[in-house]
Amino acid sequence: MNYESIWLVLLFPILGFLIQALLGTKIEKALGRKVLGAIAVLPIVLSFGVGLAITLGLKEAAAGPVTIGDWINAGGLSIPFEFVVDPLSMTMVLIITGVGALIHLYATGYMNEDKEYARFFTYMNLFIASMLLLVLGANLVLLYVGWEGVGLCSYLLIGFWYKDLANAKAANKAFIVNRIGDWGLSLGLMLIVALLLTSQPNLAGGRYLSYDTMLPALKAALTSHPDMATAIALLLFVGAAGKSAQFPLYIWLPDAMAGPTPVSALIHAATMVTSGVVLLNRMHIVFEMSAVASAVVCVIGAFTALFAALIAFGQTDIKKVLAYSTVSQLGFMFIACGSGAYWAGMFHVTTHAFFKALLFLGAGAVIHAMAHNQDMRNYGNLRKYLPITFWTMVIGTLAICAVGIPGVFGFAGFYSKEAILGGALANSHAQINGIQLGQIAGWVGLGVAALTSIYMTRLTCLTFLGKEERWRAIPALAADNHDDHAAEGDDHDAHHELDANHTPHEVPVSMWLPLVVLAILSIGGGFALANGNAFEHWLYPNPLPVLGTVSTEPTGIPLAIYSMIAALGGIALGLAFYLKGLPKNQGFDESSWISLRRAERDQFGFDNALTVASVEGGGDIARGLWQWIDEGLIDGIVEGFGTVSGGIGQLMKRWQTGYIRLYALMMLLGFVTLIGYFAFAIERGVH
Amino acid sequence: MNGVPLAAYIALGLFMFTTGVVGVIVRKSPIVIFMCIELMLNSVNLTFLAFARYQMAGFNKTPENIQHSMMAGQMMVIFVMAVAAAEVAVGLGIIMAIFRLRDNVDIDEMNLLRG
Amino acid sequence: MADFVQHLHPAWQALIRVLFFVLPSFMLVPGVIWWERRLLGWMQDRLGPNRVGNITFSRTSKLVPSMLRGKKFKLFGLMQPFADFGKLIFKEDITPSAVDKLIYFIAPGIALFPALALGATIPWGPYSWITPVADVNIGILYIMAVSSLGVYGIVLAGYASDNKFSLMGGLRSSAQLVSYELAMGMSLACIVMATGSLKPSAMVAEQSGPLWGLDYPPFNMIQNWNVLTPYGLVAAIIFGICMIAETNRPPFDLPEAENELVAGYHTEYSSVKFAMFFMAEYLSVVVYGIVLSTLFMGGWHLLPIRFDAMATTYKSFGDVWNLLDTLNGSSLLAPVWVIAKACCVASTYIWIRATLPRLRYDQLMALGWKSLLPFATANLIVVSIWIISTKISSPIIGWVAVLLSAGILYGLYKTINKLNLKNRPNLASRTVTMVDEPSQRREAELVDPAPAPT
Amino acid sequence: MNQTVGGVTITPELLMFGAIAGAAAICAVGVVAFNNAIRSALCLVINFFLLAVLYFTLNAEMLGITQVVVYTGAIMVLFLFVVMLLNLGGSKLLHEKPDPKKFVGILLGCGLFVILGAQILPQLTKVMPMPLSPELAKFGGPEAIGRTLFSEYVYPFEAVSVLLLIGIVGSILLAKRRL
């Protein structure tokens, strides 16, 4: 299919969104939920088909932008409504629509008990639409629009069960933290515009923010202002960190798990959180210009990966564990981007989309089967009840643990993670005055890979393996933080609380079918994309300057050995710990935990500290502003105006006697005066 | 009338107008005030007609615009009369309503709008 | 004689014209008064005034010529009005102490003025050198204007004599006259439209044309008097009713309703002032009669027959026709015919007075506003339809169109009136109350937002 | 025989005009001066009547007669009617207390008259009426006025008719106690 028809990809989800929003409830009443679900899934499938067709028809060279029409024309700045069609955007399109379609399908089953079916899919379709706009928009403003759109949808979907205060708070947290990132991104945009307007006036058609004209101009401009490159890069990175949950802005992502599980899978694992990586890939020229920024990216990524991986150990909520692992994997991606292996970052985005979506959906299946109780300590021995879910989850675990035999075969994560580590260890780009921060980050990443294997094994074991079915003896406090439909306040019997005589059932086909598809992708996706560096050459036909090729053996021994050792060793350790089931010192009684794990459970107190600092400090600042500036100064001025004019009115009031004749008299007085004056003037003029 | 200069008519109109103005200010009964307003209107009518009949010097004296100006003055008078009729009908109705509410119509006691 | 008059100074001409109009009218007044009383007497089966003016000569006196001795001459009380006039003159002229002197004195004059001025545009005959007083091309409007002045005498008299009854009479007459002005103007507008001119003389000339503009026998034998045309008949009736109301004659003499207000606006007037009111009334009766006969009944023509057309049609007895034609219209008898018609109208007045009872006030208003005005307006439409259809095709079609439209309009009027009758909550709120009843006062004060004036 | 005074030749027409205008002026003063509303109304009636006569002298006979019909015949009757109605309610509203505003008002009025007159009148003393050809003389008659009113000024005419309709409705609404 010709790439000119890219707008179709965007059209279908918007149509779906409109239908869901305007007619959703009517359709649900008239035709039932199945039809509504079909209507929800169909647009995504259609746009996936269109995207696939376009991708297959895509030439090696990236096609130019597809301009739909003018949008903003302000002064010298012209921002048309245009789409970019190139491997990067098409990759994201395929991920978004493909994984999105599967997750929509899954959600039709998962949300079946929910009351506001239509609202959910309205948000989902809107999210797909704005995400597509983000990746397809051919200039930074469109990207920004999509950026805000996905932020909005994530807010709406986290707070989907807004009647529960915790969810509402989580939604607000996500939104506010995202604002910080958006602030950075918008500043970056403005800085770019300012720079180009000064350095490169009358750029082609004033399209200062369209990639095809902006990037070369930016390259030319930044060579003369390297410090500017650092500034822009760091600002953009702030935006990316906000959206992609990098330290210290990661704090919203774990709370975002309050949303329904399909949302967590789609938005907070597969697509939205990777938009930061997309941004870095788009703007990689800027980062290539500044080593410092790249180093910062690397360090932040590495630290985030490590930090999140450690925290994951402390979590007992299955979705929280997955959330922290997401954060950690995002850290990996940023290591890649920082160290110049952008394609590796995207590669990991792809594979991560497969297996992390798989894992989330599996977790969702488990939660669905366990009456929406998310505490792993209540699980155990579920492989007997949920075989499909079990095996797909195992595949996902192996994929995220990057298990593979070098040169022979590996799960999806194996290739991407190896590429990342290789790129990181090989690069000499990300450095601050000689310190090769990129390579350090690479080694850290290797360690984190091992940690990843351990906590993922922990998750699998606690959930599926072990003899005892722990929910049989369910303690009192097990009812906390779960994916609470009960907040809807309706049909409690439909999903009762988890109790001793609960029997899990395998999930319906609409839910396990996506699992299977994603499992297949997690097994073969990496292999298919990686052999012969197909993905790299597809994404970046001509290798980037800062990083030649990924070194497979930075220290003589092939890197694959390291990673294989890390993965398998991690899995072995995990099995050794958790094969028996829940260890004694990790029970419900948290006082019996070791202090490290307790610290990890509450994120080393980072979140609380940050929250306290921001909330309390912000409160104090705001109170000060309110009391001194607002009440004192502004209200003083305003009320001053009021009182002054009131006084004037009090004075004027005396004149309004209500005697019409007096008014007439005044009129006559003025009239005579005026006439007299003019008469005088005429006299003077005549003589 | 042939022997009469325009000044005479205008003087009469001016005098009547002034009288009306003074009356509006001086008198207290709203009916008389209405009468004074009518007086002013009529003085204006007289002026219109006088100017329609007397063509000023330097006026472009083609028959068309002579006729046109004569007609224009008379039309204005007709409209003024119509407006005056409507005004009187409504105004006297208002006075009646006021009188029905309060037993006198001293205009100095209709000062509900006092500040 | 015409040449002699036309060679006089315009002022003299005007004086002559005025005298020529005013004197006959004045001379008619006593006759009409006497005739009214006699006719009323006859209608009420009694003798009217029949004594005053009977002269019986002495049988024995030497002073009397022999042929007159013992002779009796009966004047049937023709002298009665003069006797009354003398009585009125020599009565004491009482001026109540509380009256508003100035207005009290000028009111009778003001009352007499319109009666005199009304006929100033009415031609008495085909003699433009002497009549009418002013043959202006706004004659009808002049009639309207002057008749609208008739109210002032009564109103001012009623106000000036500081007397509730008089004031009521003045109020009533003002309301009544203003109300009936409208219908009168409408009915006049009808014939103005039909004639296409505002000149009474032009109207008379137009009325002497062939009937409905059909210039072939038998229609061209008959004059086109307005009463003989469909719209003109309606207009004439409406005009007559309004005329009676304008002159405050029975049954519209509410201003002087003796059973409600003693004598209405002239309660406080005596002797000459009263005589002036009296004279004004009868003078206006006569003058309105003249106006009616001029505008609707062919002016100075005696009969609605066109003898000149007959002379052209029937050649035999041509001279007879011409003579008759001269007698009928264009002779010196023309003023006599006008006066004769006026007397007929006056007799109709008297007849109506003897026949109909006095209207109640709300009946009066209802008649004026709800019957006469709509009818006159409808008649205006009828006239326009008549004019158009006669212009397009023949007057026969005009007749059809007029009858149709008249029927339609009448039905419309009835339906509207019925609707109007259906939803009227209470007649009390419909009648115009002259004085605020205390009850309404109180309710008005209840809704009074303002503090009571102190 | 016509002697001139102050550049204005005294003609019999001027004298006659002076008589009418003087009477009108006196009546105008009377409207304001009379304490008694009825007398004011009467003065106004006479004033309007004289104005009508002046209109005739300006050979606008149609308007003169209209003046009589509309003002003298309708409006002033309405005034008298209302005055009498109110007079029934009590004659206290007819006599007025003295008021300082009066003197100021009169003073200002005189000022207005003097200023405007001094400005306008001297320029107009020489302006004489233009001679009327017979076809121009027709331009005060009903025909000319009717033609102009319905051809050239038809929209203002319609607007005025609507205004009058509104006036009718409004006065009925105001006057009726219970609708």
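Going in written order, the chains are labelled A, B, C and D, and every chain counts its residues from 1.
Note that in this section a contact is a pair of C-beta atoms (placed from the backbone, for glycine too) under 8 Å apart; a residue touches a chain by one contact, two chains touch by 3 or more.
Bear in mind that the values here come from a model prediction, so they are computed numbers and not experimental data.
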item: C-D against A-B, pair bridged by the larger set of C-beta contacts; value: C-D
item: Nearest-to-centre chain - CA centroid comparison; value: B
item: Rounded Å distance between chain B and chain C, as computed from the means of their C-alpha atoms; value: 34
item: Interchain centroid distance [CA atoms averaged], chain C/chain D, Å; value: 29
item: Whole-Å separation of chain centres (CA-atom averages), chain A against chain B; value: 79
item: Averaged-CA centre spacing for the pair chain D and chain B, given as whole angstrom; value: 6
item: Residues within chain D bordering two or more other chains; value: 62, 66, 74, 78, 85, 89, 101, 104-105, 108-109, 112, 116, 177
item: Contacts with 2+ other chains: residues of chain A; value: 661, 665, 668
item: Residues within chain C bordering two or more other chains; value: 436, 440
item: Contact footprint of chain D on chain C as seen in their complex; value: 100, 102-103, 136-138, 141-142, 144-146, 148-149, 151-152, 155-156, 158-160, 167, 170-171, 174-175, 177-178, 181, 198, 425-426, 429, 434-436, 440
item: For the chain D and chain A complex, residues of the former touching the latter; value: 101, 104-105, 108-109, 111-112, 115-116, 118-119
item: Contacting residues of chain D [partner chain C, same complex]; value: 36, 38-39, 42, 45, 61-62, 65-66, 68-69, 72-74, 77-78, 80-81, 84-85, 87-89, 141-142, 176-178
item: Residues of chain B touching chain D in the complex; value: 1-12, 14-16, 18-23, 25-29, 31-32, 34-36, 38-39, 42, 45-46, 49-50, 52-57, 61, 63, 66-67, 70-71, 74-75, 77-79, 81-90, 92-97, 99-100, 103-106
item: Contact footprint of chain A on chain B as seen in their complex; value: 21, 24-26, 28, 33, 107-108, 110-115
